[in-house]
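Each of the next two complexes has subunit A plus one more chain, namely subunit B in the first and subunit C in the second.
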Partner chain A sequence: MFSEMIRKKAFGISLAIFVILLLAPSFLSRFYIYFLAVIFVTALLAMSLNLCVGHGMLFQFHHGVFYGVGAYSSGLLLAKTALPWWMAFSAGPLAAALAGLLIGIFCIRLNRLYFGMLQISLGSLIWAIAFRWYDLTGGDDGIHGIPIPDFIASTTSSYYFVLIVLGICVALMYLILKSPFGSTLQAIRDNPERCAAVGIHVRRHQLKAIVIATFFGGIAGVLFVVVEGSIFPDLLFWVLSLEIFIMCLLGGWFTFAGPMLGAAIIVSLRTFVGTYTEYWTLILGVILILLIFFLPEGIMGYNYRRLLRSRSKYTSESPVE
Partner chain B sequence: MLRVEDLHKSFDEFKAVNGAHLTVEKGQLVAVIGPNGAGKTTLFNLITGQLQPDNGTVLLNDEDISRLPPHVICRKGIARSFQIANVFHRLSVFRNVQISVLSQRKLSNKLFQPAARLVVDETHRILESVGLLDRKMDVAGSLSHGDKRILEIAIALGNEPKLLILDEPTAGMSPEETTTTMALIQRLAQEEGLTILFCEHDMEVVFGTAQSIMVMQQGHSIIQDEPEIVRQNTEVQQAYLGDE
Partner chain C sequence: MEGGQEITIAALSSTFLVGLSRAMILFVVTAGLSFVLGVLRVPNVAHGSLYMIGAFAAYSISTFFGGGSIGFWLALVFAPLVVALVSLIAERSLFCHLYQREHLMLLLFTFALMLILGDLTKIVWGAEYRSVMAPAFLQGSISVFGSPFPRYNLFLLVIGPLVAIGLWLFSTKTKMGKIARAAAVDMEMVGAIGINVSWVFAFAFVLGCLLAGLGGALVSPTISVTIGMDHNIIIEAFLIVTIGGLGNMWGALVGSLIFGITQAFGVLLLPQFAIVFPYLAVVIVLTLKPTGMLKSVW
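Right, the complex of A and B next:
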């Protein structure tokens, strides 16, 4: 089976990349190790968003909020309480999922664009709290020098921690997408009306997907604290949400691993172009325009399609399945 | 089994369904006919919950199911197909049918079990009975129009319905495809003992297969009876056959 072949090949490639990444700290400088860790964190964030956007067609326009909620919850607990690290770490995803549930309950009643717009409004409320509540959050300064547990405090050990957590999360997301839950979510994406007619409670199913996605988004937030040791309101600003949305589109939103590729590209641009000019978001804008015109299904989507087209027998409407 | 009593639905000023009556007995193959715009599709949407009636009731085994949401009505045993080919176009043919089988078995929420290994035999059985088994790995969006319509019926079968509702199952099909599809519907009614309600605008297709026919015109039911009696009804002849 052709798709089986692609799957095996993709699995082989990812395994190879994973092994190289495991060995990376032995030959890369500290800056690049840190840089890769930032990519991993962002990749996990983009992957979690894509559960909603690519596989559920839920326009989660303000996913950054849940990243921020995850980072703030665990960051504040680490900085201001004596709780053991593992409790502070688990608080991140749980708080993010709770925020996802609360915001989701309101948004899920609306369709497509209106869903996204209400989410931006509600998300901005949470941003305002982080931005204004000086006594607790440090306002626009944020909190720096958050105490990270010793075993992951160094650049190399935090790198490994982030890599392993990313690996586990990606494996879990893969399982979820291949499960009946994930298949049904994709069916809802393709045709919500038909899904309701086969007995699926569409809104509830979508809400569950949002809670799962925001949970993983919260994990990414915790990883951010591990890598950076600080939190600040930009984490839940809408600009970041837009960036990760573009990562999904750029990498290929109907593919599984696309968002990780998108994250790697955007983070690299931000890091390297950002050192030359403050206006690097201009480049982001141009990328978005080119994307809409030339690669509506993203890089991975384009590649997959080309692969399929090379076998004339398999003409497909889309890369997934 | 199904009783529709004096159903009304209007969109703004337009009365799409204006006093529809319908009875479907268990094991029957019932057709609703009427010219385009007579309100057949609206009637079906009212029965299966895509639309809410303004007035009137829909009874399934004497239980009032009008105004329930579609997924609840489906769980009560009514599955349907749509007039426009309504499949999950990015998923494989197999997965399309599997989605409804999973839903029927209440497995849709399983998170960490690979779907590929669940309800495989049941899904294969359905695909085989409609003749799509050899296309099972194809993406549904790549099927021909006729095959998509058949796939739609297969999706509905995944719900093991007590009552199967088909909205113009042969719309847009070639004459050969129409013959095959009607044969399939008849076989499902006879071999599987399914109760089927379908609508059609082509009279000939209906008189050959249905045991009971309801005629609709401008939103209301003129008559429901056996094909021969319907054919001889003067009102029907004027309203419908006269057009031919």
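Right, the complex of A and C next:
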């Protein structure tokens, strides 16, 4: 009952935030609009990873690869072919989902850590190809100045585009998680043996979750191209993958919106701390250690629990675990 | 085949030897990783950073002693000890408080350690390229079937098996080694018979990191020592222990051989995509044998 109230409240809050963000370009400077757009892209990426990690308990260690595949396939089609923009844009998520399916088929047979390791290995294979294939991908320089369609070429219009796509994707992810499929996925996370015993095809379900998550990761990749107009192999490197993993944990990986918060915090820190010091990863490391020791459920997880606890003081209802 | 060398018996054999000596360095590093993995059950992401610190420390020590052969030998001894000290501090001050927690938290801690150590290395040593001189009698090359083979790599081919034998003797013949092996199999039982588990963990962690430092010191004369060498080695090391079988020292050896030799032949056959070959080998091994070549201790 109270969690229902929280949900209504959360819906109201997120609607309010969405409206404020829609109005933001009228009172923010260009830099901040760009900065918010970067946060949105990263937020979508972290949300897509959390479909696997938080809701499916799959150790998707190399999610950055699918982001990169999405960015590379749409970016290359925009830069090297005369295909209409919508085809290039839809190629991104589809290629990412295909990569997710192929890598998933290999990885899904393995458990936990082996799953993550094989994924890192297969992902590094894709990274190595992007890194080395100079003729196609520009190697370690990447490709810059990708032609973006006119209607989203300016900072403000790309901001709106990214914001609206993020809104749609988040709504879709919410619906997916609330659907029978999403409930089953979370049931598998909590007790895979019992799920298998009642006749759920555990592996197939997890594979579907991976494909969905990589599809959204690919969309985030396309949005990256829209915002930055460039692609480079760091998008596929495993350090980025671990960074998004941290975003999920920081925001709260058992909550729905947590990863967005985590992404916003990490991107803000990187942007603002990065202007004062080049030792940004040192600070990221210290944050992570503080997080591990003091806030293992992430910020949203902590607040959600505290909210439930404070409510349960006034009623006899025990907090939902 | 463009850019590749002509394939002759000489080229093949020297490629094989180069791969073998590369595998020896990989083995020293991954044996340490595998040891930590076996006892603590944690993939130590900071292992690559410790390897890098080992290489930088080797540079500083050998320069301090004039860069000659005495400097090199002292670096080989003391650089791993510096790394062991760093890891001991990290373990006793922070890491040891996490042993009761979820595994993912341990993994994330080592990741945080990697981020911190990476930047600390940059602060201490700067971003320039450094090089370490091998002692005079290890410089130059000898001829193998008519093609040149660096003497230093020959030295690596001797060191690798020595480390393997040393580790084997340690884990089968000494009391501490036996405790560590027992801890890898059944931690609770080790605690139940009155052994301080936290110190066994500390010991295993420090020993593993010492090997990372040794690997770094060994590799330092063959490459230019720089920031970022941690990122490449750690992925390679993870893949090697995965294909070898998690926590199995001989698995680390087999994995290193596969990785080093496929890499060397990749350079011979298709230089532009040489780094693809070892990854491909990993994929093939894991597809055929998902839990690695040898028995995992997990």
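Here is the rule we use: the second predicted complex is superposed on the first by the 312 of 321 C-alpha atoms of A that agree within 3 Å, B and C clash if a C-alpha of one lies under 4 Å from a C-alpha of the other, contacts with A are read in each partner's own complex, and residues count from 1 in each chain.
Quick note on the criterion: a contact is a pair of C-beta atoms (placed from the backbone, for glycine too) under 8 Å apart; a residue touches a chain by one contact, two chains touch by 3 or more.
Model, not experiment: these values are computed from the prediction.
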Fit-or-clash call for subunit B and subunit C when the two complexes are aligned on subunit A: fit
Touching partner for A:F11 - first (subunit B), second (subunit C), both, neither: neither
Which superposed partner A:I120 touches (first subunit B, second subunit C, both, neither): second
Contacts of A:I176 with subunit B and subunit C, given as first, second, both or neither: first
First, second, both or neither for A:I129, with subunit B first and subunit C second: second
First, second, both or neither for A:E193, with subunit B first and subunit C second: first
Subunit B versus subunit C as contact partner of A:F254, first or second or both or neither: first
Contacts of A:Y32 with subunit B and subunit C, given as first, second, both or neither: neither
Least Cα gap, in Å, left between subunit B and subunit C after the two complexes are fitted on chain A: 15
Shared contact residues on subunit A - subunit B and subunit C: none
Subunit A contact footprint on subunit C (complex, rising order): 43, 45, 94, 97-98, 101-102, 105, 108-109, 111-116, 118-120, 122-123, 231, 235, 238-239, 242, 246, 272-273, 275-276, 279-280, 282-283, 286-287, 290-291
Complex contacts: residues of subunit A adjacent to subunit B: 1, 3, 172, 175-176, 178-184, 186-187, 189-191, 193-202, 205, 208, 254, 315-318, 320-321
Residues of subunit B defined as touching subunit A within the complex: 48, 50, 69-71, 74-75, 79-80, 82, 86-92, 95-96, 98-100, 102-104, 107-116, 118, 137, 139, 141-142, 155-156, 158-159
Of subunit A, residues touching subunit C in the complex: 106, 109-110, 113-114, 117-118, 120-122, 124-125, 128-129, 131-134, 237-239, 242, 246, 249, 278-279, 281-282, 284-286, 288-289, 292-293, 296
